[in-house]
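Both complexes shown next keep chain A, but they swap its partner, so chain B is in the first and chain C is in the second.
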Partner chain A sequence: MKRRSWLGQLGLVLPFLIPVVLFSVIPLLRGIYLGFTDYRFGFEMRFNGLENYRYMLTDSYFWSSFRVGAIWTIGTTLGQVVLGLGLAQLLNADLFGQRLARILVLVPWAMPPVIRGLMWNMVFLPDTSGPLNYLLMQAGMISQPINWLNSVAWALPSIILVGIWGGLPQSAIVLLAGLQTIPKELYEAASLDGAGVLGQFRYVTLPSLKPIITSIVSLRFMWNFNAFGLVWTLTQGGPGGRTRLPMLFAYEEGFRYGNAGYAAALGNVMVLVVSLLVVLYLRKELKESEA
Partner chain B sequence: MNYRVKNLMAKSVMQICLLFFVVFLAFPLVWMLSTSLKPNPEIYSRIPTLIPKEPTFDHFRAAFGQQDLLSGIYNSFKIGVLSSIVVLIITVPAAYALVRFQTVINKSVMAWILVSQLFPSILIIIPLFVLLRNLALTNSHIGIILVYTVWSVPFVLWMMRSYVKAIPIELEEAAFIDGCNRLQVLSKIVFPLLVPGIVASGLFAFVSAWNEFFFALVLLKTPKLTTLPVYLSRFTGSEGMTRLGPLAASCLVATIPTLVVFTFLQKGLVSGLMSGAVKQ
Partner chain C sequence: MSSRWSIRTGLLLALVLVLGLTSLGYAEPVTLRFVSLAWQEQSVAANLAIVEEWNKLNPDIQVEYVQGSWDSIHDYMVTSFETRDVPDIFHYESAQIIDFSQRGYLTDLSPLIPEEMKADIFDGAWQSVSNEEGQIFGIPFLWESLIVLYNKDILEEAGIELPTSDNPWTWDDLRRVAKELTKDFDGDGEIDQWGAAIPLRAPVNRIMNLTLGYGGGYFQKVDGKHQIRVGLAEKALLQIIMDMIYVDKTAYPGAVGLSGTAVLPAFYEGDYALIPGIGVWARQQIVENAPADFRWGVLPPIKGVSQAQGANPQTLSIPKDSKHAEEAMEFIKFFLTKENMAKLALGDWMFPTRESALALPEFQTDEAGWKVSSETVQHLVMGPWQDSPAYAEWKDRVATPVLQELFSNQITVEEAAQRMEEEGQRILRRYQ
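Then we have the complex of A and B:
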């Protein structure tokens, strides 16, 4: 009987497993291997050990793209989760305009990243026909229009803003669902013990949401680090590589210059960096929840 | 008394914050809508206005006059529908089997779902590109449907599992006792109960294909075959700047399907994410 159910399961799972193994698991393993070769599209492939990584250490483009990637990932993840938590609180309170806000949070989420980028291009227009420049000048905060996406100083902060805008809603909705599962009695008990609004947030809300926050931060971190389409449409990595995230760099190496082996090596380093950081973060969170 | 004043103040602060969020979230979309309805002189005016003075549908007409936009919409729609159908056909039985029979396969599949989130798509696309080229499937819709299917399968399986888990096993046992065979239990009890979950998962797969950009950029080269996001991405930089009106109109048209789907999907998506997040 046990044997039969095992076979029955295999029969149902097989149509799922075969394509996943053929077109996902095997290519992925092969991709990891390619990172240890000098493969170029259309040429013979030769195993070259750690040669790609030795070259990477001297490649200033590599260092700058990972630095940009780190700033982008930390900035967007932090913004998405912290502001998401704030918005979730507001959506959970009894406020005017809440229904509208609950519909609006769906908009950035539902949009293809490419369109998010194109849309913000219109907000960021470099002269005064762009609404951002016009409003800031009217308010007297800047004296002349800024070319946001082409400025060495402003390009990265600008795309981080757009990244936060795009990811904030999803975080907020998931956190809101978490907030709604916290029993009201907990807040009443805390308030009887003399906790104010901040105290309730710190001793009731945060601990209750901890598992959700942990998983959102980890997922967001991975997704943001591997982002592509949004930044591609906003800046294509410019100006001068100031917004060239690791994925954009690897794409250019692989599909513009044909250095497939090096691009795969970059992919390997990306996996290594992300998994290391996520593991460190999860370990810290687990330790804290045990303490 | 003091407490009430404090409460009122806290509430006003929160109200202002919510207003700020609403403006932040809505403004870019409202601005794009406004751009799509403005005649050109108003779009490039040095003193921009939010409300078009002389609203016009010219840009929508121009956008729909573009053969490439129409074929982009058609291609995206076709690829989205076909890939989500394939995803459902292979995922629904698998999700059922994984929940109902706990064996060694479960752990490896679940581990794969988690691990696959880690990998950047660059790592999979290079070998996949070579593989598909050898099969003569680059620059073809079959190839991209295949890629989208395996790419969205992990999350859809994750969602479907929580829907299967929600069906009490006692229902199935009762049907067995009443003399149903396995096939009847599946078709008369399990399947009807799974329909909402299947709809939500299918819509999710459709939206991820509709929104996807990277694989399509690499795999589809002919303008005639390309998807909507790849078509629209050509209007970045100076090319888009000169045609902002039609671009805004096209973007709005491309957003509407996902927006409609997400309004339906919201609850299912959240519960799918939550079931992963809360039970660790």
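Then we have the complex of A and C:
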């Protein structure tokens, strides 16, 4: 009797499982396997064990791209969450035009990354026709126009700025939702106990938002680490690899140089690294909240 | 229950019938997919006109025009090859064609090319699409060279004697002339007119192509294996450019971060007298964008030990997985007759690879510097890096950043040479 109902359930689930297995599980497994072969487009595929990973250890371009990826991921995640918290506070305060502001804040989120990239390409135009250069020169902050996206010093900070701008709305909206769940009585009690604005933020807002901050940090971390379209449209990884995020690096290996096996190995390593970091972070946060 | 079954069987029967009939009965007209990379208005129009004419003349072999783009063609073709869903004819460039052929993606066209076409197209162009066994993987049809643009008013006023195709300037001549032409008119210590501007934002192709004239080549084959050598010849060219920018201060240093297109507007303003090593396509930009009273001309390429330059012609190729290679070749023959090739070349302001087409009066007039430009075709050869599978990676990861650092004066020529060689050898090992 029990067995039959199990089969019956399987029958119900099966139609939904088939596409998942076909289009998700099989390609995923194949991708993982490719990372253990020497496959180059057009050539024979041979299993080569850990050879790709051994090469990766000596591949200085990979390491420098990983460093770029680390700066980018931490920079954008931090910016998105910290500024997002500020923005959420602002939107939560009973200010004039609050409804409109809440809608407008969503605009960058509604744009696909490639469109964001194209738009910021114009903002960053290298000569005085670029709005950013024009404004900064008018304000007397710079004397010469800066070639933002092609300068060794400015390219990475520039794309991080765009990355923060693009991810800000989502962080802000999620944090705003969190803010609205904090009971007003807590603030009243805190102010009765003599807490000022900063004190209330420190002892009421932050602890109440903790689970939400934890989840938004881990989500944004994964998304930012895997960013591709935005940076690709802005710099293609240039100048001289200064903005070559790990994803761009893997893409170049696969599509430009045809080293599919190595590109897949890079993918394996990246998934591993990101999951490891996220698990460690979540464990630490959860432990703290239990304590 | 039974009625559902009968509907299904009926449908199935109908399907079998239809499939059977089509495979037995009519010989379907063949449809060829043609991916073109034409992007300038004029050349897209020329492409479409030729395809339309062919379709009218050949009802059995219809060509479907697919608009491709230079930005995405590489991904597009790699994906097509790997999934075996290929276009029958595609437009690309020789540097990539050799790489594709080494991966076994392309049809060897050598048995399909008519004698007439083989003889008419320049040897330098054939070289760049052939391997050592004499197989040919693409038909080269458009190519370009690097020329020198000059401001007529400035050079006439300074009384500079102009070089000719028979008696070109050497790099030392260029250096001397640039000194003469660099001026600080108002004596405020800032230069108002630079002798030259060399656009070096994406420096690798330009430097590689010019280095051949110095007798260099960066890549060489020893015992059938590629090696990277940055020797005296390669360093000499880098050194003279560095000297002009930072020692003589006769080449505009701002051009280091500019592309070929971006360097032009200030040229119209007379900010510099010469632009050495710019592609022939730049003439179109000048004709369309320069002020009407701007007087300019074209000088022959600068000579090192020769005027040789690397050629990277645009090509048409047929993937190995195409089911209609012969029909596709028929279309290519029609697409690249003398007259059609001339039309395509004019549309892109490039040269046709057919000698007979280049001899047409359109390419030999003094207007817009066509004659001097066309004469450079004799110097075009295949660069020794073109058949190295490691070139793309070496170019992106090593040569581009190293040359950019060099030209912004952060490292010396010696350091640049050493890095290009050492890091290059490591990349080469991956592909051998």
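To be clear about the criterion, the second predicted complex is superposed on the first by the 278 of 291 C-alpha atoms of A that agree within 3 Å, B and C clash if a C-alpha of one lies under 4 Å from a C-alpha of the other, contacts with A are read in each partner's own complex, and residues count from 1 in each chain.
What we mean here is this: a contact is a pair of C-beta atoms (placed from the backbone, for glycine too) under 8 Å apart; a residue touches a chain by one contact, two chains touch by 3 or more.
Predicted model only: the values in this text are computed from it and were never measured.
Q: Examine A:147 and indicate which partner it touches, taking first as chain B and second as chain C; both and neither are also allowed.
A: In the superposition, A:147 touches chain C alone.
Q: Based on the superposed arrangement, let me know which partner A:273 touches: chain B (first), chain C (second), both, or neither?
A: neither
Q: Could you look at A:241 and tell me whether it touches chain B, chain C, both or neither (first, second, both, neither)?
A: second
Q: With the two complexes superposed on chain A, say which partner A:136 touches: chain B (first), chain C (second), both, or neither.
A: neither
Q: When the two structures are overlaid on chain A, which partner does A:255 contact: first (chain B), second (chain C), both, or neither?
A: Both: A:255 reaches chain B and chain C.
Q: State whether A:82 touches chain B only (first), chain C only (second), both chains, or neither.
A: A:82 contacts neither chain B nor chain C.
Q: Just to be sure I read the superposition right, which of the two partners does A:74 touch: chain B = first, chain C = second, or both, or neither?
A: In the superposed model, A:74 contacts neither chain B nor chain C.
Q: Which chain, chain B or chain C, ends up touching more residues of chain A in the combined arrangement?
A: After superposition, B is the partner touching more of chain A.
Q: A:282 contacts which: chain B (first), chain C (second), both, neither?
A: neither
Q: State which residues of chain A lie in both footprints, the one left by chain B and the one left by chain C.
A: Chain A residues touching both partners: 41, 255.
Q: If you look only at chain A, which of its residues touch chain C in the complex?
A: Against chain C, the touching part of chain A is residues 40-43, 55, 61, 126, 147, 150, 238-241, 252, 255-259.
Q: Report the residues of chain C in contact with chain A in the complex, numbered from low to high.
A: These residues of chain C touch chain A: 74-75, 78, 81-82, 99-100, 102-105, 201, 257, 392-393, 396-397, 400-401, 404-405, 430.
Q: Once bound in the complex, which stretches of chain B touch chain A?
A: That would be residues 10-11, 14-15, 17-19, 21-22, 24-29, 31-32, 35, 43-48, 50, 89-91, 93-94, 96-98, 100-101, 103, 105, 109, 112, 116-128, 130-131, 146-147, 149-151, 153, 157, 207, 210-214, 218, 228-230, 232-233, 235-237, 240-241, 244, 247-248, 251, 254-255, 258-259, 261-263, 266, 270-271, 273-274, 276-278, 280 of chain B.
Q: Which residues of chain A touch chain B in the complex?
A: 5-6, 8-10, 12-13, 15-17, 19-20, 23-28, 30-32, 34-35, 41, 83, 86-87, 89-91, 93, 95-98, 100-101, 103-115, 117-123, 125, 127-131, 134, 165, 168-169, 173-174, 177-178, 181, 197, 211-212, 215-216, 219, 222-223, 225-226, 228-229, 232-234, 236, 246-247, 250-251, 254-255, 260, 263-264, 266-268, 270-271, 274-275, 278
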